[in-house]
Amino acid sequence: MSEVVLEVAGLTKSFGGVNAVSNLSFSTFRGEILGIIGPNGSGKTTLFNVITGVLPATGGSVRFHGDVMSGLSTDEIARRGLVRTFQSATVFKQETVYENIRRGSMFGCIGNPAWFFRRGAVAAGARRAKAAAEDLLEFSGLSDVAQTIAGNLPYGKQKMLGVAITLAQQPTQLLMDEPAAGLNPIETEAMGHLISQIRSKRGIDVVLVEHDIKMVTSVCDRILALNYGKVIAIDVPARIVVHPEVVEAYLGADVE
Amino acid sequence: MFELATKIVINGLTSSLVYILMALGFTLIFGIMRVINFAHGELYMIASFLVFALAGSLGWNYYLAVLVAAVAVGLFGALLERVLFRPFVGRELNGMIMALAISISLQASAFILFGTDEHSVPRPISGVLQFGGVIVPRDRLAVGLMAVVVLAGFYVFMRYTKAGLAMRAVVQDQDIASIYGVRPKIIHPLAFGLGAMLAGFAGALMAPIYTVYPYMGSQPMLKAFIVVILGGLGSVPGAVLGGVVLGLTESVFATLINTTVATMVSFVIVVVILLVKPTGLMGRSTR
Amino acid sequence: MKYSLKLLALVAALAVLPFLLRSPFLTHIGVMTGLYTALALSMNLMLRIGQISFAHGAFMGLGAYGSALLVMRLGLPFPVAFFGAALGVTLLAWLVGLVFLRIRGVYFVLLTFAFGEIIVLTFVEWVSLFGGSSGLAGVPRPVLFGQQIQGRNGFYLLALALAVFAYSSVRAIYRSELGAVITSLDENEALTQSLGIDSRRYRLATFCFSAFLVGMSGAVYGHYLTLVTPEDYGFWVPVHLVVINVIGGMAHPVGSVLGALLLVPLPELLRDAKQYQVLLYGILLIVFLLFMPDGLYGMFKRFRRAREAVK
């Protein structure tokens, strides 16, 4: 039996009387890629924001490796190894690709402000950051654009860079917010491939919220389907795509 | 006691009306262009000087001078937008610094042209009115009335003309407004010009009440800024509400204690509002 | 190592300058330039996190009043009063920053502006402590290492020391990982936080150090003028500091120095035509904003790059 990584229990989030998420419960296991799908308004984004500490939960809890995450700020959650990516490409636009990834690694070393005054720690961090940058440049296929200013990259590459930056943090689990958003089919496939590699080559678990059903079914081990802030099904892709409630929620969507 | 209260209320209201004129222009410019127009006080000052030049030195009819001064300042405002503010669309802090630069330059220019002397503009109306023991200067009353006329005209413009509708749309949501074909290249100078014109009216109307001198714009600017924070940056009804609240609050504290404390109180209110509800009493969360 | 030697040589040269030139007027300019360099650098820090503080004038005033009062009323020796005042300002910045730094953009500017005005009005209203609109007169000359700093030369060295400290520390911060963190906060706060950085803590630290520099500068200023009046510490101080940074160039701390070197002597040289000087100042700012947004530093950098390309 695999170890439970992320445990969401009875999670509720309401905005002035309207429940965006109601009594949601699910768990993720070590080594798995979980996809979360749902039509617009199903509560995907809210769920994501609550888990990553952007919004406080109204009720219920979120545990990561057994530790309670509810009430922690985004940066605290990130320091525990639960790191998120952003729906729109989020990078340091004025810096080079190399510097972007280097910062991702470096910032992960910083414990508290006193760290800056410890020459040895800073130097060690810098060495590690340099190695991480070189390694991740190759891993995410960005070596050829290492010295390009991030803002000048095509959008698809910027999104890949966004993922690479988070990998530099050495997370144990990656939470991805619509990784395929804004990407063309070729880029989407490349992203899907990268996500598989993240799990198989780096041993990092992934939870992704996504609209692109095709990508989700090809990459994920299990899929969690939401509607109206509630779980309607959680199962392997093959069974999810024929699940009557899921199909109904996605009436008209391409569930090929 | 009643006399004191009435005096406080009347002074408060007449100040409010002028503050509202200043605030409306300021908030319109911010709402549409996201620029903190630090030069707004100088627009007020220029209109005052124009009235001084036209009605005072050249002997024009006062009301004509007011109209000409306000329109001239409005056109000047549109010119400023086109030449100096346009490059800073979307860059709020830089636009603000540009406004400061313009303010500094206009004040210095006024000093060089007119010296430090204070000038007077002859009053168009003199005398006082008596309301059951309370004395109200007629010219203040006239200023109040004319301010109300200008405000009414502004309201009609914003409510019933195409341009006004377009501007309200932009204040609400710039992106959606552009989908409906509202073009910034036309709306921005129009908004700045209109905002400047309102400041121009304020300055022109106040010219005979106090003296005219290059620094005179600083205080009204400050009041406008406080009113707008109170009511909400970008909110037109907020500017009106804020103007009334500020006018009355200041009147209370100034009459009962002193003007310095009154000003301090208004700044404390600003701090509280910005911390608790930065969008002001009536503003909505802007992007 | 090479850089430190160059800096040391420059500082030594600057230090002996007044003794060589023997011009009280030029030395006075030197004092003001030194102080404003430190002040401009403090504003540079705030610009780097994208939060322009218009309370800095009031902070400077608190440093001036604080140090003066600690010496005059409590009889404390200058070094204690000086650091006491500076630390007091820092503490206030910390308290205020806890609440204020959440607010961003123009709202932060307006907030700090209002706060600064409240402080200055307090200087005017609280007559028993601050001396009202006439302020505090007869602020004693500082006594340092047993020597009383009477003449301008002494203050020049003090201002120079302050400027060097400010420049070195700000430069060191920017070149370090701390600088990368601070820059990242303004470049993309959401990303920086998702990388485990507590944005509030670093903004607060920046604000506090900035206030510390301002407090020290204010203290020296007060003792130099021997007169501390509220009108010296209003809204136009931070405006001036922002202008110095815009014209000098915000990207590198040397820009603040360049800006101060250009703009501080100007009013002193154009003493008589004050309004012409102000007009020139305003027009200069407009020109730089429109055509040279990188400031003098940006210009030099492009000039150097163009020269390298030609080689």
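A, B and C are the chain letters, set down in written order, and residue numbers restart from 1 in every chain.
The working rule: a residue touches a chain if its C-beta (ideal position, glycine included) is under 8 Å from a C-beta of that chain, and two chains touch if they have at least 3 such contacts.
Computed from a prediction, not measured in an experiment: that's the story for all the values here.
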Item to check | Minimum number of chain-to-chain contact steps, chain A to chain B | outcome: 2
Item to check | Centre-most chain [mean C-alpha coordinates] | outcome: C
Checklist outcome for this item: Comparing A-C with B-C, the one with more C-beta contacts is B-C
Checklist entry - Can you name the chain that lies farthest from chain A, using the mean of each chain's Cα atoms as its centre? => result B
Item to check | Distance from chain B to chain A - Cα centre to Cα centre, in angstrom | outcome: 50
Item to check | Chain centre separation (chain A, chain C; CA means) in Å | outcome: 43
Item to check | Euclidean distance of C-alpha centroids - chain B vs chain C, Å | outcome: 33
Next on the checklist: Can you list every residue of chain C that touches 2 or more other chains, as numbers and ranges?
Outcome noted: none
Checklist entry - Can you name the residues of chain A that touch chain C in the complex? => result 52, 73-76, 78-79, 83-84, 86, 90-95, 103-104, 106-108, 110, 113, 116, 122, 125-126, 162, 165-166, 169
Item to check | Touch list for chain C against partner chain B, complex | outcome: 50, 52, 99-100, 103, 105-107, 109-111, 114-115, 117-118, 121-122, 124-125, 239, 242-243, 246, 275-276, 278-279, 281-283, 285-286, 289-290, 293
Item to check | Residue ranges of chain C in contact with chain A within the complex | outcome: 176-178, 180-181, 184, 187-188, 190-199, 201-202, 205
Item to check | Complex contacts: residues of chain B adjacent to chain C | outcome: 34, 36, 84, 87-88, 92-94, 96-98, 100-109, 111-112, 225-226, 229, 260-261, 263-264, 267-268, 270-271, 274-275, 278
